[in-house]
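What follows is a single structure, written as structure tokens, with notes after it.
A, B, C and D are the chain letters, set down in written order, and residue numbers restart from 1 in every chain.
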Amino acid sequence: MSFNTFGRMLRFTTWGESHGPGLGVVIDGCPPGLRLREQDIQPFLDARKPGQSKFTTQRREADQVQILSGVFEDGKGQQVTTGTPIHLMIANTDQRSKDYSQIAKSYRPGHADYAYDAKYGIRDYRGGGRSSARETAARVAAGAVARLIIPEVSLISYVCELGGDGIERDAINREEIARNPFFCPDSWAARRWEEKVEAARKSGSSLGAVVECVAEGVPAGWGAPVYAKLDSELASAMMSINAAKGIEIGDGFAAARLTGEQNADEMRPGDDGKPVFASNHAGGTAGGISTGQPVVCRVAFKPTSSILTPVKSINSDGEATEVVTKGRHDPCVGIRGTPVVEAMMALVLADAKLMHRAQCG
Amino acid sequence: MSFNTFGRMLRFTTWGESHGPGLGVVIDGCPPGLRLREQDIQPFLDARKPGQSKFTTQRREADQVQILSGVFEDGKGQQVTTGTPIHLMIANTDQRSKDYSQIAKSYRPGHADYAYDAKYGIRDYRGGGRSSARETAARVAAGAVARLIIPEVSLISYVCELGGDGIERDAINREEIARNPFFCPDSWAARRWEEKVEAARKSGSSLGAVVECVAEGVPAGWGAPVYAKLDSELASAMMSINAAKGIEIGDGFAAARLTGEQNADEMRPGDDGKPVFASNHAGGTAGGISTGQPVVCRVAFKPTSSILTPVKSINSDGEATEVVTKGRHDPCVGIRGTPVVEAMMALVLADAKLMHRAQCG
Amino acid sequence: MSFNTFGRMLRFTTWGESHGPGLGVVIDGCPPGLRLREQDIQPFLDARKPGQSKFTTQRREADQVQILSGVFEDGKGQQVTTGTPIHLMIANTDQRSKDYSQIAKSYRPGHADYAYDAKYGIRDYRGGGRSSARETAARVAAGAVARLIIPEVSLISYVCELGGDGIERDAINREEIARNPFFCPDSWAARRWEEKVEAARKSGSSLGAVVECVAEGVPAGWGAPVYAKLDSELASAMMSINAAKGIEIGDGFAAARLTGEQNADEMRPGDDGKPVFASNHAGGTAGGISTGQPVVCRVAFKPTSSILTPVKSINSDGEATEVVTKGRHDPCVGIRGTPVVEAMMALVLADAKLMHRAQCG
Amino acid sequence: MSFNTFGRMLRFTTWGESHGPGLGVVIDGCPPGLRLREQDIQPFLDARKPGQSKFTTQRREADQVQILSGVFEDGKGQQVTTGTPIHLMIANTDQRSKDYSQIAKSYRPGHADYAYDAKYGIRDYRGGGRSSARETAARVAAGAVARLIIPEVSLISYVCELGGDGIERDAINREEIARNPFFCPDSWAARRWEEKVEAARKSGSSLGAVVECVAEGVPAGWGAPVYAKLDSELASAMMSINAAKGIEIGDGFAAARLTGEQNADEMRPGDDGKPVFASNHAGGTAGGISTGQPVVCRVAFKPTSSILTPVKSINSDGEATEVVTKGRHDPCVGIRGTPVVEAMMALVLADAKLMHRAQCG
């Protein structure tokens, strides 16, 4: 996609830094007539919001969204989208004024510090500036709008592996996801993770995670060959999330270890003329186009590089130094990545729906 | 990206079907003055070409490239790019005229047959039409042009896992890659794979594979936040390849199982003022921008769904049927995916170089 | 738009030079199921084809189009579009091999010679290379496909002014357009123009022209604020045509001399609930969106700079020289611009229709 | 371009309605390290600001710009761009709360009212909503940033015709432009216009105008064939401005009345090896690429459709009605279009510079 814009028919553009006045997103191409109020967006932001348990960063942000354009009363007492650009803004409220002189000159290994300086010759070092995961709040807000475009789709997402410890597939209970601070659908795993994350938090270490997202209700026909394959769009979307280092659709890397027979998703006639599939190794796409099966993807999040253990680095003068990242951070950034993955899925699918409608009516 | 076009500054558009008169690619935005002759492109096409060993499809295509526009003599006896669109065309020569009546009505599980019909209401069923991996020849040709734009980068790619059997990292010998029909850098693994693939071929089965690609010489600063991250662009590029179902950068999914300490790529001052990294878990990017380390990605290819074992399916009338895919096919499509992955890496990096030059001079 | 690609949902990419092997266009995003054969495209190319009267260039090109991808039999005996990229190719057949040594080094005033060299450091000087109006054959071919997407629209275009001599609005007779070699709808003007063009041709001079295009049947609602206004898209499309130097919608520059009262297009209720407009000063758009009135634009073509009169110039060594453009050329390039203007109108409207369908259903 | 985004490398996206909380623009792709403070932008907004004389709308807006992202201290005491998206916001302060019930249901002829309703089924009718020329404040703010990218270019723009009364070319005095409320470079014309506009204002009528913009210092080589011609980009940019109905480059429509000899811009060797042109009929471009001559364009603005004279129209129930547009409006909207034209020129040229740098280094 393009710098700070994502999408083709449904396009969103984000702006803002971690410690600036705020951040926002302009959503363009949204169909008119969809009911949209701030309270329709807020719950999704609240799910991503930091500071809600001891297992996430202690930065406290209200993450209150404001709709600044693109909606109007529809004459029937509802506030709806007008088809013009929707600007959503979220103020930053808990930017701590602290001494950044140390971090301003040192490059934290694994952070974008060095890369930004190498590219631009300048960076906003306060809280990571533009490279901060705070940008993902704008995506989550945009995702709430995207959902309105695809009412036929229901989305679910959860952490399926944390610190190398995976959930039991048989133990998945969707209602469990909201009951623990890890978006974990397996209550036993959630208990194990609590210990893991607590230990990491206390020792100033960090953990990685894998997030799975399932979209049910996607009709056959969304996505397009060759460079707009649904797989390609999802991969682009997910790998743009901070700390994401891998993405797979359906069985993904595991499919590379199957035989053609094992990997075949056999079809049988369904009652409505549509096929009934015996399995979903493909994750809901074939040739990059949705098949009517659930679209399934998994995203790998690396452990955040903000750790208390000193690591060797250099500073902007090219001198050797050691870096310790103090202050507020997520011991497992993948956890809060869950609503972001879901938002990106919604945005990709909504775009695909509009693109399909454009070409195929 | 957009339907049949990929890239932003360096943009290429492919056309063609498996059994039409041919296929081609229009490359737009290429810098002027780069020496380009057909023989500069042909070796890359030859590497991907089918029918070169018994381990790939027996379809025989010369895959002879023609340059139809965008080059001219430079007055010094060289043929160079002019900055105008380069059209490369490859004729199809071995489209067997056979009876497609069976396949025309039946949907092969795992193929794009059903999805195309669901989307478009029509498909060119001869050899998979537009969904055929034959389209990747156009990418490989485009990749040869992209390489000219990034002479500072050297690319290497190989199969690192086949049918679940991985190479030994210590046994990697780059010169080995060209010595076996599997693009395998580990001579012992190559021997094991020979048996594996032969068995699959004989039984009409198929195998998956993982391809790794390493780009050395990429300077720090390519790629851009937020939606044009190098990771995001590579993911989009790789997942648009036929049969690709997963992509990871650096340690990828394995990084999700590391702690922050384990995953940190420590830096030390180098002789030239640039950092020397102690490790490369990140795969050459931070914040989506290249760090000067080798850019490393891995792509998972599913086993091709063309197998001799009958699988249950439906036909276009919605009736139950069984499908056997006879005829020529690759027992492990990931093998020939190797030059395609390398081409896509070249195309993404060349685009990133031009984009960086545009913004940062 | 982008280098050699135009359009957003319906996108076409052209390639080729005046004296290379040929030229072509890849059309992407075309809806499936539209009947398309070469003979559906050829008449439009024939209308633009050179060498048909003594009033156009004597270069003789068959301009025979070939469809190389994107169509397939629909099972009912028709060849239709499949939704995949359509590649149309036109071979060059009358590239005279002549001595270009003079032109290779000299910059013809008014031609793109100097600008191309200044930009790229190289140019294909044979017949103008990429800057030749021969590229417009590809647009006309693409336009024929675009027409299939907008069957509700009927297009008409004609030269309304030639060498400063305008038609009489009252004398417009649409059937006259095909009866003279000037696409002139006013039989009296056609006779006057015959003398004018003949005189210019004989003296090796050249003339400018203004082409008007009217699209009837465009429903209200196509086009979109703010940067995708129909006016903006049409302006971009028309000004990309060789020799075009001005574009206006509706009354255009004349509207700048009206008062608000004179310029108002009053509305009255129509029988079908849609408004009946008392006038069409606006040329069919308001706020950049179609109103249901005919969409009207006019394009100004400068006189071609290929003239027999010697003009002062410089060569690539920066030395003073004089240039005479011998050989085949159009005495009034605006004449053959007429089918090109019509094609671009079709392409813009088809794109606008698909975009509107995407957003508004 | 694309809905609410314009540009390719330098891209800006605007949002906001006339009577919402405010409006803004996100500028993406800006090079890093350019000094940018609010006071660098404000003067351009002030030039466009309404309510500065009795000849423009009496709506009073401070049009105070806020920079909300994309800048940071450079360590040398300057605030500079960082290469990340720059969000500029302007609050609306003088949205009169009035009764919109009349306008909410009636379609004002010449306004976008009917077209928006036909497209979207809904519109924000307060002050024209998104179709209001208030959106152009965002462009002017973006233009101020674009100027920083092209310090080699100096821009000048002025009204060259008002109500059909043109300036004398010989009487152009650039210093005069800022001395009258009409951006008029001819002091005699300015006096005549004062009477004209005053009469229109008093009678509740409105007038059209033509704005000319000249960019000096543009080096040869910007712009690109075929669909990214500078002419095409400028046409797209200018015709996206509210009330613009025509655009021409160089002699434009007048060139269509010249012969090839008259229109030829002869070249002579200059002292620096670059050509010296004897004339500039072409307006600074050839083949869509800049030649080093001043880039010249003219934009025709229709008279605003907001007039006191009752005009026949229909309402949203399809009934006949009469409309009088009371309230604040510009008697000649072309006047305040002048800074907007200049901003769009800056934005197109800055984009072209970055694109050229990308491809040609």
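FYI, a residue touches a chain if its C-beta (ideal position, glycine included) is under 8 Å from a C-beta of that chain, and two chains touch if they have at least 3 such contacts.
This is a predicted model, so every value here is computed, not measured.
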Of all other chains, the one whose Cα centre sits farthest from chain A: C
Pair joined by more contacting C-beta pairs (A-D or B-D): A-D
Separation of mean Cα positions, chain D and chain C [Å, integer]: 26
Euclidean distance of C-alpha centroids - chain B vs chain D, Å: 45
Centroid spacing, where centroids are CA-atom means, of chain A and chain D in whole angstrom: 38
Touching two or more other chains - residues of chain A: 2-5, 14, 29, 32, 83-84, 119-121, 130, 225, 360
Chain D-facing residues of chain C, complex: 1-6, 8, 14, 107, 109-116, 118-121, 130-131, 135, 161, 163-164, 200, 205-210, 220-222, 224-229, 231-240, 244-253, 255-269, 273, 275, 278, 281-283, 285-292, 300-307, 309, 311-314, 318-320, 334, 356, 360
Of all residues in chain D, those that touch chain B in their complex: 9, 29-32, 83-84, 224-225, 354-355, 357-361
Chain A residues touching chain D - in the complex, by the definition given at the top: 2-5, 11, 13-17, 20-24, 26, 28-29, 32-33, 68-70, 72, 74-75, 80, 82-87, 119-124, 129-130
